[in-house]
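The following blocks contain the structures, represented as structure tokens.
In what comes next, chain A is part of two complexes: it sits with chain B in the first one and with chain C in the second one.
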Partner chain A sequence: MKTYILRRILIVIPLLLVISMLSFFIMQLSPGNYLDQMRMNPDISRELIESMEEDFGLNEGIMTQYFAWLGQTLQGNLGESFSYRVPVTQIIGSRLFNTLILSLSAMVFAWVIAIPIAIYSATHRYNILDNLFSVLAFIGLSIPNFFFALLLLFLIVRYNIPLPVSGMTSVMHDFMTPREQILDILRHLIVPTIVLGSAGTATIMRQMRGQMLDVINSDYIRTARAKGLKESTVINKHAFRNAINPMITMFGLQLSSLFSGAALTEIVTGWPGLGNLMLTAVRSKDLYLAMAGLMMGSLMLVIGNLIADLLLAVNDPRIHYN
Partner chain B sequence: MKKMVFILTIILFFNFAISTAAEDIELKDPWISQREQGNHGGTLITTLLGDPKTFNTLIAKETSSSEVIDGYIFEGLVGRNGITTEIESRLAKDWEISEDGKTYRFYLREGVKWNDGQEFTADDVIFTFDLISDKDIPTSARDGLIIDGEFPEYRKIDKYTVEFELAETFAPFLNSMTLMILPKHKLYEPWQKGNFNSTWGINTDPSEIVGTGPYKLADYRNGERIVMEKNEHYWRQDSEGKTLPYIDRWVRIIVGSQETDTLLFERGETHTLGVRGIDYNRLKQQSARSDYSIIDGGPSFSTNFLVFNMNPRNPNLEKQPWKYEWFTNLNFRRAVAYSMDKETMINQALAGQGSKQWSPISAPNQVFLNEAVKKYPYNLEKAREELKKGGFSWDDNGRLIDQDGRKVEFNILTNAGNETRETLLNIIATELRELGMKINSNPIDFNRLISHMESDWDYDSVLIGLTGGVEPHAGANVWPSHGHLHMWNPVQEEAATEWEARIDELFKKGVSTVETEERVKYYNEFQEIVAEQLPVIYTVTPNNIYAVRDQLKNTETTAYGGVLWNIYELYLEN
Partner chain C sequence: MKQIKSITKQTKENILKSNNLLWKRKWKIFKKNKFALSAALLIILLYILAIFAPFFAPYSPNRNFRNKFFHPPTRIQIRDEAGFRSPYIYKTEVKGWADYEINREKKYPLRFFTRGDEYQLFGLINTDLHLFQVEGDIPIFLLGSDNYGRDLFTRILYGARVSLFIGFGAIIITTFFGLIIGGISGYYGGWIDNLVMRIVEVIMSIPSFYLLLALAAVLPVEISSGFRFFLIISILAFQGWAGMARVIRGMVLSVKEKEYVAAAKAMGARDKRIIAKHILPATTTYVIIRATIAIPGYIIMESGLSFIGLGIQEPSASWGNMLTAAQNITKISDFPWLLLPGFFIFLTVLSYNILGDGLRDALDPKHK
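Entry: the complex of A and B
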């Protein structure tokens, strides 16, 4: 097991290197750079833009720029943001934490709702509730997140539901007791969590339902039933444990999206997370800020996969890694 | 023991002396509000559409930063009135300009304090200009001050007087003096250490950010909100002699999108809103039975125009030299101008809330706008006449052809993602097709658009916009023929046409006198030439519309200043 983990970690290094090259070059190969926004500003002279270009190292060749960045990064310095003019780690820190809160809560929301529903649907196939859940799942899958968010916000305003419309904390947050502060954040979490969780719920629900159905129809379940086991034991102990395996892989993939998957939802609900920041960074070509975000996303993907594989081994004794 | 007591007494005495000295600074020239006396206190809540990138006003390049700090936390020696757009006093109570327009002397308000209690003096002004003239600091403020390649000389006359000496008469100098003054006692050290550029970034402790403006930074939560508190030492007073501003705290929520912004306002959580065209009718109807009013501030400074490539250095001309002939043909450009259906543009692209633009000076610029320029009201018949005059004709299928029988076909580019411009582009293309032209409308990525315009020069025509300002000389990179934003034919060594040469001359003359009346004459002629020659063809400009809660008093909303330009004298009714 230990050697397996070590090997996996060693593979990560060249992988990240390739990812970093790809992201860097793709971003640099698309036309223009960060300074283009300023070129159309009549107040900014050409000389100033040229001197900034030099300052940022944008006048160097792409290769030189890449290796300069790589060298810095290996020493733990992720570079300075062009627009903020401070090290990117300073900008990302608090945002990263906020995104993590939101994604975790959405994930918990999705799994806690989806798994019981899926088990119910699988054991009560084609009854009214199952059909209803299917319809809801398809709606959840097909509705774009930003639209769903807007819809919810609109309903909140229209029917005066006492839920916050935007942000992570209310204006009076700093004057609250710690308990109230936590409640305040939880209240703000509701809308983005539902929005972000809904798509996940739908996917997990459909997947799990299918898995359960496969398992329920298999021979060993029939054997279990024939042995005269209680139905609840058959479902919960035998069928469920077997059906959950592929879901763990899915869980690993979802882990990676913890840091990246929420940009639009974050923008619409005003959640101060990383997604919004990264989107602006990529669009304005704030090179090092965007690179830091991309690399973090990649790292999470790799780690998420690793965790999923390990969980799989824990859950299923048939799986060994040598 | 006695010695101790003695030392203690001395320490106490000195402490006392120092603290009284600070108290001693007396505000000699307060500014007194002429508006209705309001009540002090309360919290104002507004929104911002983006995070500030820095609190360092010299480094800030985006409006998302400057709209947080400029005028609210920092102030200039002079500033512009939110209604008349005229220059008026701020940190300088008065100023004198010498006869030849080369020497400017500013008399500072005595006893003004920074929001940490330190006194503001001429040293701070001198320090600010030391910063601006430092070539290691990337600031656009320097560009506005360099006249004929020289930075003006500046000197301290006494504690409350500074003087500037210019090499040449330069009228926009006073406009440049609206730049924000920074505190020497806070920034001298970082500057000496060489890290001024990263000082006052967004993670700075709010109490470190010291200005003279009506508000000071109290808290900034990245992506969430900025909280500002009243500057207790501010130099403006109400009619009862109490320090302004009225409103104690100002919370500015950072919203991710305009939709959320509107929802927040409708819920009653914010006091003001910049209304989008598509929300206008709904909010207008609601406002009748609600606690807010909708105010149309009139046309804004933003512009949308069509520009044809008249650059002989266009690399595409090798294959299609005739395009140069078309685009430099004045009748052709006039025909295009006549085919601008501005009514439809306003209705469809701006949801009915916009104005037609004819002159290169934006409509809110009341001092310099020339309303009498040549206009080209929508008329396809006239457009056809112009085309005929220009040597164009139509083939049997109604397609427009030039003298040599070539079909008129060209691209119009615009930046993708800007809905207004994409709609405008569609309307323009439809009308031009009506005239028999073949138009390929092509929204592309902004960065690509810029490289086509700025460095490659290989486009046919572009629909784009620039944001104007009050000082016409701000267009010095656009209109004179050597300008790098002289889009139709940038960075010319010598003016290609007579009218461009005349504009070059007018821009030189426009800065050579400080008499506003005389300047108006020069800029009027410039506007006439542009309307006559149509190097850019203006379309429509959106109106700035605001929703303001009735609870917020003393407002006088304009397109130039918005709702909050006089935030120091706004108050919240109980």
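Entry: the complex of A and C
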């Protein structure tokens, strides 16, 4: 097991290297760079542009630029953002943190809602509520995140629901006590969480319902019932515990997909996360910022996959790794 | 020798016959699923609307009615004092900024199969026939108008062409490359397999939307909308083939150990023939299901890209870029019909998901 984990972690290094190369060349494919926009601006002197060109190494060949970037990155310096004029490391940390908050809260939301509903649905198969939940699950799976966000915004504005619809903090945030600040962020978190969590809720609901149904029809549940156990004990102790096991794989899969799914939701709801940052960076051709965003996103995805595999290995003793 | 040939011919016919029977049975199972069947019909209807968009739409997509921006949907009246009659509408007068008043003085009947803006069907037939228009060139906005006074219904139909066919195009390219690369990788194994799987891993390790963002940002602004359409399909496919190739490879790995492949090999069939005739057909079921499930994903990605302004660009219509107009909170609350393109995305994706579910139930015997 230990060697397996070690090997998986070691594979991450060449993987990230290749990803960085690929991303760097994709970014270079685009015609022009950030300085071109500055050149159009008559207020900016030629000297400044030239000095920036030198600072960022933009007048060198692509290969030199890449290795310069790689060398800097390995030393923990992700370069400087063209548009913000500050080191990328300063920006990316808080953005990454915000994305993590949103992803985690969406995940908690999805599981907390989906599991009880799935258990109810499986034990009350084909009754009105079960059918209703099935329809809702289909809708949740099919509605594009950004459209769902727009719909929620529409409802909030139309019915004057006192919920913030954009951003992460209100204007008065800086003047609040720490406790109020946390509450403020939590209030802003509600809409993006519902939007991002909806698809996950639907998937978990359907999967868990299927698992529960499989388990409920198995022999050991019949045995448990035959022993004269209470129905609630049969469901909660015997069926549930067996059905939740395979769901751990889902948990891992979701972990990785949440990071990339968060991007659009962040953009629509104005959540200052990594996805939102990527969009700005890509639009203004802010090379190092976009590179950092891509690398961070990939790192998260790889870590998510790793955790998923490890969870699976820990959970299922039949799987052997060597 | 002659005898053998005639026998093989006979068995071949038998196989074809039983194959037909197999698909017939699957079709029978599928037909029973009324839910999936109606989803399939709805999808077909949407595609017909998209293909014949210029005919069903009353106007050309870029025709703007000045002073009629943010016009609410026109109510079609079918009754008057005398009871039911042929449909007609009332004219609206401009009262203020995006404020309209219905003028009930005169009735303007709808005319069917009328001549209007010229268009080309399939790039071949020049015509100006439209399904309906209103007498006296009074604008009719079935689903309202946008900020330039363009008919939303018309633009939704034209946008359907982009949104529906991008998914279709992308899945065809994805499937093509996924099958070939996955097939070769699984069949030959060794270093080819290793190399391909590493590339797949790299692509799958970049968050898909981030990769799409980076790729879409690379597209130059000044290319034609047709070329852009094609490039966006390529981007979606570039991102999508990896997952397909990985699963196909896995299936090929198990299929190539089967006896009939060994038999084909023993008879001296070449690799190309074995892969194409014996191994890949075993993956048909999976490919069909996968394609149906993947198309809505592509539709969502395209509309997402267009929504944030990196996909299909104005003045071309796509369901995603039409929703951009609804991004503003005050606009959503005042002109809620701007959200309608989103319902079309939702409807399409929902239908594809239901269809995919139904196909899986019908085609995959293991799935319950």
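To be clear about the criterion, the second predicted complex is superposed on the first by the 253 of 322 C-alpha atoms of A that agree within 3 Å, B and C clash if a C-alpha of one lies under 4 Å from a C-alpha of the other, contacts with A are read in each partner's own complex, and residues count from 1 in each chain.
FYI, a contact is a pair of C-beta atoms (placed from the backbone, for glycine too) under 8 Å apart; a residue touches a chain by one contact, two chains touch by 3 or more.
Owing to the predicted nature of the structure, the values given are computational and were not obtained by experimental measurement.
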Which of chain B and chain C A:F154 touches, first, second, both or neither: both
Which superposed partner A:R39 touches (first chain B, second chain C, both, neither): first
Touching partner for A:L294 - first (chain B), second (chain C), both, neither: second
Touched partner set for A:S30, first chain B, second chain C, both or neither: both
Which of chain B and chain C A:R241 touches, first, second, both or neither: neither
Chain B versus chain C as contact partner of A:I139, first or second or both or neither: second
Partner chain in contact with A:R85 - chain B first, chain C second, else both or neither: first
First (chain B), second (chain C), both or neither touched by A:V165: both
Which of chain B and chain C A:K285 touches, first, second, both or neither: both
Shared chain A surface residues [contacts with chain B and with chain C]: 30-31, 150, 153-154, 157, 165-166, 267-268, 285
Of all residues in chain C, those that touch chain A in their complex: 198, 201-202, 205-211, 213-218, 220, 296, 300, 303-304, 307-308, 310, 323, 326-327, 329-330, 332-333, 336, 339, 342, 345-346, 349-350, 353-354
List of chain A residues in touch with chain B within their complex: 30-33, 36-48, 51-52, 55, 80, 83-86, 90-91, 94-95, 98, 150, 153-154, 156-157, 165-169, 171, 174, 266-273, 276-277, 280, 285
Parts of chain B lying in touch with chain A, wherever the complex brings them together: 43, 45, 50, 53-54, 56, 59, 61-62, 135, 138-140, 142-144, 197-198, 201-203, 219, 221-225, 251, 253-257, 259-260, 263-264, 266-267, 269, 445-448, 450-451, 454, 464, 466-467, 469, 474-478, 484-485
Contact set on chain A toward chain C in their complex: 15, 18-19, 22-23, 26-27, 29-31, 138-139, 141-147, 150-151, 153-154, 157-158, 165-166, 259-261, 263-264, 267-268, 275, 278-279, 282-283, 285, 290, 293-294, 297-298, 300-302, 305
